[in-house]
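Several structures are given next for inspection.
Each of the next two complexes has chain A plus one other chain: chain B in the first, chain C in the second.
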Partner chain A sequence: MSNTTQNFDAVIIGGGHNGLTAATTLARKGHSVCVLERSSVLGGMMSVGGAEAPSFTSRLAHLLYNLNPKVERELGLRLNARNLTTVSLAPNGEHVEIDGGKARMMDGALHPKAVAFATLQTRLQRFATLLSRLSLRTPPKLSGSWTDPETFGELMGLAGIGLGLKGMGKVEMREFLRALLTNVHDLMVDDLDDGPLAGAMAADAVRGSFSGPKAPGTLFSLLYRLGNGANLRAPVGGMASAVAAFEDAAARAGCVIKRQSAVRSVLVQGDRVHGVELDDGTVIHAKAVLSSIGPQATINLAGIQHFDVEIARRAKNLRAKGTAGKLNLLLKARPEFSGLPAPLHQARLLIAPSSDYVEHAFNPVKYGSFSEAPTLEILLPNAHTPETPQTLSAVVGYMPHDPPGGWTDALRTKAERQIMAVLEAYAPGIGDRVQHSELLTPTDIQTETGAAGGHWHHGEMGIDQILNVRPINGMAHYQCGVEGLYLCGASAHPGGDINGAPGRNSALQALKDGAL
Partner chain B sequence: MGQHDTFDAIIAGSGHNGLTTACYLARAGLRVLVVEKNDWIGGAAVSRSLHDGWTYSNCSYVCSLLRREIIRDLELPRFGLQVIPYEGGATFTREGDYFAYYSDHDALNRELARQNPRDVDAYERFSQAVMRQCRFIRPFLLRTAPDPTSLKPRDLSELLYLVKKANDLGARELGETQRFWTMSIADFLDEHFESDLVKAHIAGGGIIGTGLGVYSPGTAYVLLHHYMGDVDGTIGAWGFARGGMGSITQALAASFESSGGTIVTGSGIDQFLTKGGKVTGVALENGDVYHASVVASNMDVRRTFINHTAESDLPSEFVTAVKRFKTRGSSGKINVSLDRFPTFPAAPDGARFLSGDMHCSTSLQELEKAYDDWKVGRWSQEPYFDMLIPTQIDPTMAPPGKHMMTVFVQYAPYDLEVDGVRSPDNWNETQRQAFATCVFDKMEQACPGIRDHILHAEVRSPYELEQEVGLTEGNIFQGELTFDQLLFNRPVPGYAQYRTPIDGMYLVGSSTHPGGGVMGAPGANAAREILRDVGKGQAMPVYTD
Partner chain C sequence: MTDTSAARTLEEAVPLGLIPTVFQPRLEALSSAKSWMGWAGYQSAVVIENMEFEYFAIRNQSTLFDVSPMHKYRIQGPDAEAMLNRMMTRDVRKIRPGRVGYTLWCDEEGMVIDDGTLFRFGPDDFRLCCQERMLGWVLDAAWGFDVQVTDESDTISGLSLQGPTSFSILKDAGLDAAAALKPFDLAEIEPGLWISRTGFTGDLGYELWMKNADGLALWDRLWDAARDWGLKAIGFEALNLARIEAGFIAAQVDFQPIHSTLRLGRGRTPLELGFERLVDFEKDHFNGRRALLQQRQKGLRTHLVKIELGGFKPSNGALLYHRKTKEVGHVTSGAWSPTTKRNIALAELKAPYGGQVQDDLWAEIYVHEEGQWDRRLVPVTVQTSPFFSHPRARATPPRPF
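Moving on to the complex of A and B:
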């Protein structure tokens, strides 16, 4: 046992993109930073798995949809990604191509509701851009008196958003205040009728969350996703290359990255953190510890005795029931989707033919089972070379995190068969081309990444779990109960997706607090 | 036409809100006419005799939310209103057990301990959390919601009042308020309780009348409608209006008439009349025309403007917004005459909780599945119901020894799906009976053999509620209580202060802030705005808390 001791200004627990972002942010300000990753590979939800995993270049997340542009700039990320359009597939072949606010049919004609869609999209984009101003700040505490400088600053920030709202004009401001808390289903169906176009928007709003499009508040999650410009980008070379870009940024900033370094405990003395101890007994001293693994796991590492009972109870109650699974296929050749022109096989393909379909797909997961008609978000990264072997990457909604009796082999086989049946309906013959397949359930994702519940966002993004109550009421400002201990992962504000803002904000909060 | 065809104000509809507005206006000295389409008054707060010797509260059925300020101002007890509290309730299981809720604290603790000892403490935390939210919301009920886009001094000061009240909560409690208003009742209960039965018993209060399931965000708030009322000052208590819910509207009508008001029944509104953007009166279906420069509609916003107002009188954005206002009906009702008190084998002899609300849904999942059925246009196969036998406390409603039972059923769709077609026309007698059979089957869980004692049953789907009472799609709240339809968004952003695009025309029903339930607050708030506009603003007090 090598009981070595090392010293850093800050230790980051978890080498996901938020952990790496926090590390790079601190290192670029001149601090010594060590990133500790439990597994043999970096990336967290972007990870492609270790040597034992099959070689899929986007094994979990497969899109850079919501990466904060400021984070990208500040980190100097060297990303090579291509922009995608979306095709929402219809069972009758009347697919809709969606490119920003444009909606066209496969023959190039405008979708019958194209004008309404463009108006709606412009409006939502405007709302989202305004809201996104909140994402690069620590949520307001509003705890001091009105004249307290910190509270005053927070109020000014909010006032700025208020002014932005006023600037929209009365009509838009009223629509904003109505739409913010509404459900995505009604908002879409009021304007678009229910079909592949509404289905695509609904599916985008609820992907990864434990709610159907009819649940109040779901429009907010769509706005969150639109907040960074809604550019659908797929990294060339798969997510592996995006992970490499984050790692490269961290390395250039001078971070030390240690793989296969699982943290056994966070060391706390006198209500102040002073480092971590690894599974192998190594002690790393640090003035600050930033954890990207969510509040409950972090509390457990530090020892529950250091935390307020109420905080511990709330952390335990964090809503984090993962619903997104992942199907990765290795195919002999490109599948042919009926009625889909060859070039559009390179688009992001959605199977969410109506908002009602999405809602229906959600029903079984509430009771721990899996829909026979799941929603799918499909990428074919090598679609431009149809005759060569291909991978198909599909995010599957909704899969239960905790089916009664757990994810047995029989259940997995059944789920995979159900998903393949849906694929087969849209791309006849796809089953015959499969050489290898891998299905990752939310439970698998939890095991691999450590995210609570295997949840896409490390915690549900409902209105009751965002902003100043994210991840839990009383821990919303990155500070995690013990002095010097911070949350820097997707469970913290502003939340999930490959976003980076939680990592950046937490690092800046730690600096502001003088923790380093 | 007679000589009395001109009034100071006309109220369309004699529901409890319409009558509340009418009373306040009449007390301020206005000559007020109330017109009602049915031959009886009361809207959804009625008592009707549909079977000889029995009186049904055939729509709303229990009383708690009616604001005490209104009861006091309008002297309703003097005009015959008497509310008798009941003291408990129960949920019966399939296995022959039950969970009983008692308003008596010690009895409740013992019962909670019987379910799960840890839920005793949980209940303390739960009820404190809910009561804090009740205290926060109560002052807003009898105030007009501010328009956040307006820079008028009054809106700014109301907005500031709201911000101040929120700030007074402190950061932590403010966070709790944000969570409570937006979370699902299931999540809220899961945070507190361990017993499924206890959770299921309480959860019903979060879904009654809504188009949401127990897992839908925003249902925890609906629970407040269950807890924020009071009977004789006992907060959270519920009671029966002696003589049925109609005695509330009868007392309001008597109060109104004693202030010189006039009520005309038997013919509904054909059209609201306008001239040059101003309201001038109403034309009734029977051809009668009444004139007034103030006209207030107690009907819901859709019925008022889509069915009875010329579209050319309204801005097109307003019409679009009204059409988008969600009024999905989700509740049915069965009113039953019983030849004797049914037996509840699980209940101990003389159990007081039998005089309260009784249920047969035993888990959150069962409740959520009931919602899934409704989403696709079917009534719940395992419905949630709220059944009460008020004749135990108020024997005036049935012959001696006999009983009346009121059963509120969640969920029943308005546009029922039959053979792949969703339409309200599908609600024929066969479907109504099938719906009732489904409810009675489930009721066997609590009182086996209940069918043998039924003398008469009135089965009401959302469609009947629409046809008889006038509630669009049978929505009992005149519009869903989701947070995009509350406060300054209710019913339409920019028109949340009881005024409408037509000068002199007002909305006074539950479509307006603060929403549904037999509360009277929309009617009272609207009256204040009307009186302000006619220069009698001082005639009504501003309530502070």
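Moving on to the complex of A and C:
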């Protein structure tokens, strides 16, 4: 019954948001597309888990803060999301509310460094906007001479960025070039002093990374996050509704979506793809295969013999040690954070009271251990209503991907206890209100989503793994060497978060190559 | 005296200077030139007695050259063939068990990493012999395949027995089973002694491979059997002349192995080295295939060719010109060939010279005579066949000569 053969123009491996974006992009251009998802639910990092998982509407990722506006427009995503402000919590109750470039204290007064912060934010936003021009195109190869049409186009694109850089003026341009590779800690502490404001920026820069805010290149990852306007959005109904919006867009475009369809191998013959074979033996023929899983997993599916030795080595050595975990709580009553006005319980709450705090939270993970004082990014999706049950969703930094001996039950319990202790300090009594809790470690995230190392961005967003070396040199232009095989996931340029640009760009590259 | 049995001194554990091969005691005794060089960390002879005598022994008698310093990597396991086929430009599946194949391998950009000989002992059992240290690369290439890689460079010794009377020596040494070996055949003639009909001279010859411990006994056995056959131990210089006559290329000389170059564009592809026949585009993917396909389409940058020059002055390093004015290349290995009585060389020319354009080529040879430099412009003609080639190199069974 299962050994049937089907034909599509393109097969997409992985039904995460990038896979669905790639699929929709191709289907909207009139191609027949089949999306294959291993698990019973779509969404990847946005996924809420299968029926066996407890029902949290934002089980993994819980925010849209880097969704590419062009992707949203092109796909016609029907998203209902509300904008959020951020509150960076302080242990002494002197929390700071961050709303775009404004920084206020809880009583509505300006933060003492509000002016410096506004200036900094404006400047970073300008830098980020300039850099984000790179994110909607395939990274430049610059392999031909300048008369080569493709290379000429790349040069013109870069020239545009160069002109934009020039247009900022000499002082700003110099500052941009100085800051680009620097660390986020120095920049924040220089201008803002260390405290909840600097801590918030530091935590946003390194969330999901295997680096603390004092590591070089961390400002770049902050700029990446700011690239799409720095507006934070929480989908109404949780990420489940965002998944539904992506699925809806794909369905409207005519994509065929198959769940519980794990790919056993990518079929390659004569150095080009011919389709995929599923675990149940079904063969699906396709002219192009776009894989949203990482480079290593893609290589394994196609067979390592089809790839150059250097490519395989780089894929093997890809830096992808996940450090973000996820804590989901089902609560008997709405939690109350000390000194936080009721309406601001609907904000994004950060526990990152200083940049130093964030750095210290990172230190233990280097040795496979877990901080007693982790950073948390907290959402209370039902805070607008007193109705129960209430939920709490928190992204936890940092958790090791491979603690010595693995994630044993004892270690999980210990980690959860430590996170709860931090929460308790800011929201006294929260522990007593917990009905049910679920802690997802990077290892769990890897198991559930297939992301290498359970990494939030499918691979570290370091200066050695961005642009034309993302994820690795030789696979950075969505192409994998084998004709018709493409990377379309967050491991590809421009990178992670719920962004969509990797999927879109990959699809456009496949079309440009005439692969379909 | 202190008791040294407990721990080896640093010098014992990590010997300083060049390491003697197992044959060094015999070579040392024969050497009157006392001319040694380093080869992969081992002591190796440049000349034993006299370069000319040694060269003529290669062509008229028989010679023994110690090839133990060659790097030797054993690759074994169910995926050995697939792994090597992905690494090598030629189709390894066509090298049957009991055969040896000359082969090249490239990086992802199609640039030659090294060339060497691949010995196939069995369906899943290979040994790669090459000039450059290659363990890291072989391990990288093996990753993801079910194979075991062993560096045998320091445990296996090799002797190259070359020359018209080489088979006669094997016969008199009781190794006449080697008679059945055709060129590039390989067989375990005695337990632990593998003999391949291979060499670097273009003449009749064999290479003998054994464990280090068996080396000296074999040397003595050959030496005793060779009484009537004019056997000579030789050094690198004589062999180098013979290999130029045979038209064989040498790493670091005629091409730069890509992993040892730092400057952009110094690597060469197998196509540019003239080995298109050893690049099988029809088989499955191999390292550098896509880059090589692209180059085949776009055209080569250079041509490595055999040339014959006017005059008799060796042309090593000479610059080549088209129409006597435009510089188009240089000689990579040049020599006066005593056997063929021709002035021969290997040379690299910028495309299309040496390829489509072969006429009106000239070499500028600088000659130094007793403190005076002289410059000679001599005509160059591109050759397609080896300078030295003799039917005895291919006759099976070999005749005694």
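One rule holds for everything that comes next: the second predicted complex is superposed on the first by the 514 of 516 C-alpha atoms of A that agree within 3 Å, B and C clash if a C-alpha of one lies under 4 Å from a C-alpha of the other, contacts with A are read in each partner's own complex, and residues count from 1 in each chain.
Simple rule for what comes next: contacts are C-beta pairs under 8 Å (C-beta built on N, C-alpha and C of every residue); 3 or more make two chains touch, one makes a residue touch a chain.
For clarity, every value in this text was computed on a predicted model and none was experimentally measured.
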Which of chain B and chain C A:L36 touches, first, second, both or neither: neither
I'd like to know which partner A:D271 touches here: chain B for first, chain C for second, both or neither. second
In the overlay, answer first, second, both or neither for which of chain B and chain C A:G474 touches. both
For the three-chain arrangement built by superposition, which of chain B and chain C touches the greater number of chain A residues? B
Quick one: classify A:A324 as touching chain B (first), chain C (second), both or neither. neither
Look at A:I419 in the shared chain and tell me whether it touches chain B only, chain C only, both, or neither; answer first, second, both or neither. neither
Touched partner set for A:Q305, first chain B, second chain C, both or neither: second
Residue by residue on chain A, keep only those touching chain B in one complex and chain C in the other, then list them. 474
Complex interface listing, chain A residues touching chain B: 141-143, 166, 170-171, 173-175, 177-183, 186, 190, 211, 214-217, 317, 319, 359-360, 363, 366-367, 462-465, 467-469, 473-474, 476
Show which residues of chain B lie in contact with chain A when the two form their complex. 148-149, 167, 170-172, 174-176, 178-180, 182-183, 187, 190-191, 212, 215-218, 317, 324, 326, 365, 368-369, 372, 375-376, 482-484, 488-489, 493-494
Please name which positions on chain C make contact with chain A in the complex. 82-83, 85-87, 107-108, 137, 140-141, 143-145, 284-285, 287-290
Touch list for chain A against partner chain C, complex: 271, 299-300, 304-313, 316, 474, 481-482
